[in-house]
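Each of the two complexes below includes subunit A, the first together with subunit B, the second together with subunit C.
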Partner chain A sequence: MRILRRWRHPASWSIFRLDDRLLLILIAVIVGTCSGLAAVVLNRSLIAMFEWLHHFRHYWWSFIIPAIGAALSALFLDKIVKEGAGHGVPEVIYSVSRYGGLMRFRSSFSRLISSCLTIGSGGSAGPEAPVVMSGAAIGSNIAKFFSLNDRQRVTIVGCGAAGAISSIFNAPIAGMVFSMEVILGEWKAENIVSIAIASVAGTEISRILQGNQIAFSHRLFHVGHLDIVACIGLAIIAAAASILLTRLLRSMHGVSKKAPFPIWVRAAAGGCAVGIIGIFLPIVLGEGYHPLRTMIEGAYAQGIGIVTVAIFAKILATSFTLGWGGSGGIFAPCLVIGSLAGLTYHRGLILLWPSVSWVNEGCFALLGMAGLISGMLQAPLTGIFLIVEITGSYEVILPLIIVSIISTTLCHYIEPASFYLKELVEKGQLLRQGTDGSVLSDLSVQELLEKDCITVKQNMLLRNFIDIIKQSHRNYFPVEDEKTGHFLGIIHLDDIRPYLFNPLMYDAVVLGQIMDTNVEVVYLDDDLSEVLRKMDANRVFSMPVIADKKFIGMISKATLLDKYRKELMVQTDL
Partner chain B sequence: MKFSLNDMARCLDLPVSTVDRWIRQGRIPIHRSGNACLFKKAVLEKWAFNHSLPFFLPNEKKEIYKEQNLGLTNLLPAMQLGGVFHDVKGDDVESVLKSAVDKVPVLSINKEELYKRLLEREALTSTGIGKGVAIPHPRAPLPEEIDNPLITTCFLEKSTDFAAVDDRLVFVMFILLSTSIKIHLHLLSRLAFCVRDDLFVEFLRTYPDTSSFLSRIADCENLLDKTD
Partner chain C sequence: MHTQLFHIFRNTPLGRETLLQSIYFCKKAVSSLIIYIPEFTKFLMYFENDVVQIDLDNSYLTSPETALKHAKELFDQGKIKASFLEPKNFTASTLPDISTNFDFMCCPRSISDLSSKIGLGYIGPRVRRIVNSARFPVLITSPVFKKWRSIAVFFGGSANAVNALKLGFRISKASKIPLNVFTHAENTSKESYEEMIKNENLTEEMDRYVTEWHMFESGKFEENLYDVPHDALVVLGAYGHSLIRSILFGGKMEKIQSIITNNLLIAGPNYALTR
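Up next, the complex of A and B:
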């Protein structure tokens, strides 16, 4: 029995308590492997589903296949696992910044199933974000199993995300960078160690099961000087496409929210729209890796007109899928849109300057992909490393950097928050470590409570109150009801100072008459930023804290500053 | 080392909820095991120092509290220390103070300097508080010259004009030397409480001897402590 109990609490095994870093590395291996497995499973089931449904593609009613898939996925998320639609990355970031990476166990598989339904049936979305969410949830739950503390759990969640991205793209560096740049939002040596290990584990799993293949192989590119100059224009197009996609996704979301139908009907409507677009331009269906390969090889035959239309069609299809309740990520659509944009730009260049010998159009497709990823995520490093790794083309690194950086800058200029963070920023939920918001949200009213106030009863005479003032260190005296003990109001010394020196008043006034009953109060579970806003609005430095209608203490700006500073020091330089 | 969460919070002088959260978030080098906090003393001390947080083991802390709780000296010990003198000579403020300063029974004080300071204070406003009582004192406390506050009581040979608030001639002086402003106010307010009582002033006018004077002061202080 005792042995059994020890097994239930692996955190107490002495081997893990030897050194925390060792423990983290060990867990990182486990988490990286698990999230890598999740990625492979999703990838395989997508392929299987796509092949199974392929037979139905040539029927006239095939456009409802994406609708059925999207509706099933919405029903599954809404009724069975009770989670919101969407790709899940904002949820991971929010959980990391607010709850120390705490996530539900069901999140580790829910997105896999729903996105498999959406994408497998032809919805325009990517499998990466769902895998990131699953990996993060797996990490979080393993960390919980080992009863790690919040900081360690956050690292492990990052490991899960890194393992997932590494595995699905066979790109260990991109996984690491994505996890640091987007999920954790901070670069710390102690995080990097575990996340690197998880990336290696995730990549290795994918290589064992699927073979070591570069996702998008291609010929060697010879990048000339003119191409580097030309890629500035591509960056601008990529930025424009990113912003169009961001805006359209959000507005679609707004439109579908207003529609008075149940969520699965909306998802089905979105799926139908995608299916109809897909009849004319099959490139928009699914995650789009197959056309992507053709484009990078430079073998995409369509003319400039169709390619340009395809960009908008893909953007539209992605917004229909994700905005109307389907489930999946924006990674893969970004890659497709980016390479389409690259092709368009390349063909435009040839039209304008036919005599110049430009580099192969596959190279521009690849640069476009980097531009879109960097622009959407506002994470230039992720864009650069991902493209280098999935195409194995180090020779294009210079234009790649230029496109990524310019696209990120432009997008940041127009949309200050990236696609993943926008919703969080709008709700004020993005709390990176060491910022004002995170310090305030970590501190609770309970911790700031000052209990040195003397409470008085409402029927006390002013004469007796004078004696209490003598003993008190504070200027505030909360007034209570004799019988119930409920808080009635507060007396501030400043308000009654004039009467204190008039002995005639001593027996004529009871405290109930001179207290201020119109006071703003704070409750124990109030948000500190809200409390501060109230203090500023009323120009007060202290407010009474009430729990269960009874006075339990004061909260003041002075104590807040003291605690705030301690918290900030503890949060930042560890 | 192993502490309970409550003890730990006391050692760090933080609310229990803060310590609990910091441990949960992994911000402080302490391990939780049930309600016990496991930590290495040296590591935690270094951490606390780096974050300029206080850290005391419980027994170390008590000593500090003891020092703080020494409390304020009351009139009686200060008066015993300062001594009671009768028939202090002098015709005006300067000469009375001069001879009174000579009687102050503390060797560490520069008498010349003290005399000058008392006069300086007297020049601001009279320290004669009425009813024939004066409380000369220097403007600032003397923490370096004396270790403990003291009050030297001087019954004057001749009543002297101190330009007191009620213009009555002063017959008794309490020279009040204190180590801090807080003690000064404390002693001054206690002395004022005694003098406010007309019976006490009547008693002073009988020029009582040292022992009966001190016992009367003790009675007054008891009364004062009761009303508090």
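Up next, the complex of A and C:
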């Protein structure tokens, strides 16, 4: 029976507890494999759904297909799994930042199904963010099964995200970099080992099941000096497109929230709008990987006017899809918009300087993709490595770096937080592990209560109070109302110093006369950052904690520092 | 010691009964009441190593315009002060996070399923997960408000049962209500149970708080439950046994909750006595 009882707590098995790093590596393999599988499943499902629905695309009513898909997706999320719409990456970052990566089990499959319905039916979104959420939730639940601590769980959540991105793009380095740069927001050797292993596992699963193919095959580009200089202009256009997409997505979301209809009706309306745009510009439908390949190969036949219109159409379609309740991510739309921006820019250059020998337009499509990804995510390394890996174009690394860095910098200047982080930052909920805000948010006033204070009544004589001081090692004495027990004020030892050496006053002064009634107090549900701010503003080291108007203890900077250090160690040590 | 009970208010007659139970518990256990009037049918509770999504039954959103007034009326009648919880953090825009930093939580037998399902022998899956994950004990109320005049602790000797016994002492000490201990001896002598109490250094508390220790050495456990007073708050531990044993033989908590109608105060495996 003892053996069976231990089955409930696998984390306590001695084989797993020999070395925590080995345990993390083992779990990283499992998580990378599972999240890789999730990515493959979504990829294959999308292909199957696209092929199945392809036969209906030539009918006049085909514009309602994205509407039906989006409505089903919203209904599934709202009624069956009871989750919110959207891509889910902010949820992953939020859980990492506030709750040590704790995520619900249902999140490991919910977005796979909902995004399959949205994107498969033609919604303008990508499958990457949903698989990131799925992978992260798989990681979180496996970490929970092994009873890992918060710090380890966060690493495993990062492994899940890395495995998913690595698998869906067949790009292990991009997966690693995305996880560290966007999800965890920190670069630590302890994390890198596990995340790298999860990336390899995810990529290998994808290669075994789908073959070792680069997502977008390329031709060799010969990048000249002029092309590199011209990249600056492309970076500016990519940054502008990123800002436009970010703002339109958010404003669509705001408008949609105000609409007095159920979420599935709103999602259907958004899907319908996408379907109508898709009749005129089919490039906006779905993830858009097929036209991407054509653009990278330099074989996209449409003229500059249509390509320019397509940029705005894709931005609008993505905003309608995701802002109105559809499910999916922004990775794939960013790639499409970026490549369209690259193409437009290249064709503009040719129009302006026809005699200059520019590099093939496919190269600018790649650079545009990197610019959009870097701008939207404000994660330049992710943009650079992703494009290098999914196209195998290492020779464009210099202009890639230039475009990514300039685009990120410009976007950061205009929108200080990336698309994923904007809402969290606005609500003050982005607390990266090991930072002051994160440590303080993990502590509560209740945990820091010091209950060894002696309370006194307001009618107590100074003589009696002096006897109490002899028994206490504290400098603060809360004063309570004799009848109600309500907190009235506080006496500091300094307050009685003028009377201490005058025994005549011992029977003449009562505590109610000398107590300080103008005291800032703390409540149990106060944020510790606010408590610290009050302490600093009032230049005090201790404050009374009140509940139901009654004194329940003191909170001091010394205890706070002690707990702060312990919490910081928990958050930063593996 | 200042303690808090968390209550999710349902603006229905059943919700009224549940709130009356919470108010009574707070008065007896000298605890303050924290009420949450939900705006959405779902919220998240982040525990130490688990996150539980509570999908509330739609009846929790009944007549939101009168919910606050009804709740205030009840605790004004009960002459108790309560504070209302406003969620500060949201995992998603319609998914608030509710703190788990309480000392007690009150739940009806189910909070996710339709209230028509609530009955003896049924505890909803969400309530079970809260019991399993929470560091605080969960007060599972009977459908109709009833004052309890004694405390009945089930003590079977397990670590969880010891926690339940300590919890019983705590409530008895705060409420000054007599405490009875019930033990169904399973091939174990009374001396062995007394030895367990001694090993846990609880002899003094046993003498101080326990009015009577009912030791059932014969008869079926289910039949012996008739001796539990109808107006007692039943305190017990839950999910203390291994998964295999629970699946094969079922837990004592399942038997108790399917037979008696009393209010139950359940200490789960993560219940922290230090709180």
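Operating definition for what follows: the second predicted complex is superposed on the first by the 459 of 574 C-alpha atoms of A that agree within 3 Å, B and C clash if a C-alpha of one lies under 4 Å from a C-alpha of the other, contacts with A are read in each partner's own complex, and residues count from 1 in each chain.
In the analysis below, contacts are C-beta pairs under 8 Å (C-beta built on N, C-alpha and C of every residue); 3 or more make two chains touch, one makes a residue touch a chain.
Keep in mind the model is a prediction, meaning the values are calculated, not measured.
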For this session: Figure out whether A:Glu389 sits in contact with subunit B (first) or subunit C (second), or with both, or with neither.
Result: neither
For this session: Scan A:Arg151 for contacts with subunit B and subunit C and give back first, second, both or neither.
Result: first
For this session: Return first, second, both or neither, reflecting whether A:Lys566 touches subunit B, subunit C, both chains, or no partner chain.
Result: first
For this session: Based on the superposed arrangement, let me know which partner A:Gln446 touches: subunit B (first), subunit C (second), both, or neither?
Result: both
Seminar exercise, completed: In this superposition, the partner of subunit A with more touched residues, subunit B or subunit C, is C
Exercise. Who does A:Glu287 touch here: subunit B (first), subunit C (second), both, or neither?
Worked result: neither
For this session: Classify the contacts of A:Ile552 with the two partner chains as first (subunit B alone), second (subunit C alone), both, or neither.
Result: second
Seminar exercise, completed: subunit A residues contacting subunit B in one complex and subunit C in the other 444, 446
Seminar exercise, completed: Interface with subunit B, subunit A side, in the complex: residues 12, 17, 100, 148-152, 442, 444, 446-447, 449, 563, 566, 569-571, 573-574
Seminar exercise, completed: Within their complex, subunit C touches subunit A through residues 1-2, 4, 32, 41-42, 44, 46, 49-51, 53, 55, 81, 89-95, 97, 99, 101, 241-245
For this session: Over in the complex, which subunit A residues touch subunit C? Could you list them?
Result: 1, 4-5, 7-8, 82-84, 86, 91, 94-95, 98-99, 102-104, 106, 144, 147, 257, 427, 429, 444, 446, 451, 524-525, 547-548, 550, 552
Problem set entry | Parts of subunit B lying in touch with subunit A, wherever the complex brings them together | 14-15, 17-18, 21-28, 31, 33, 50-53
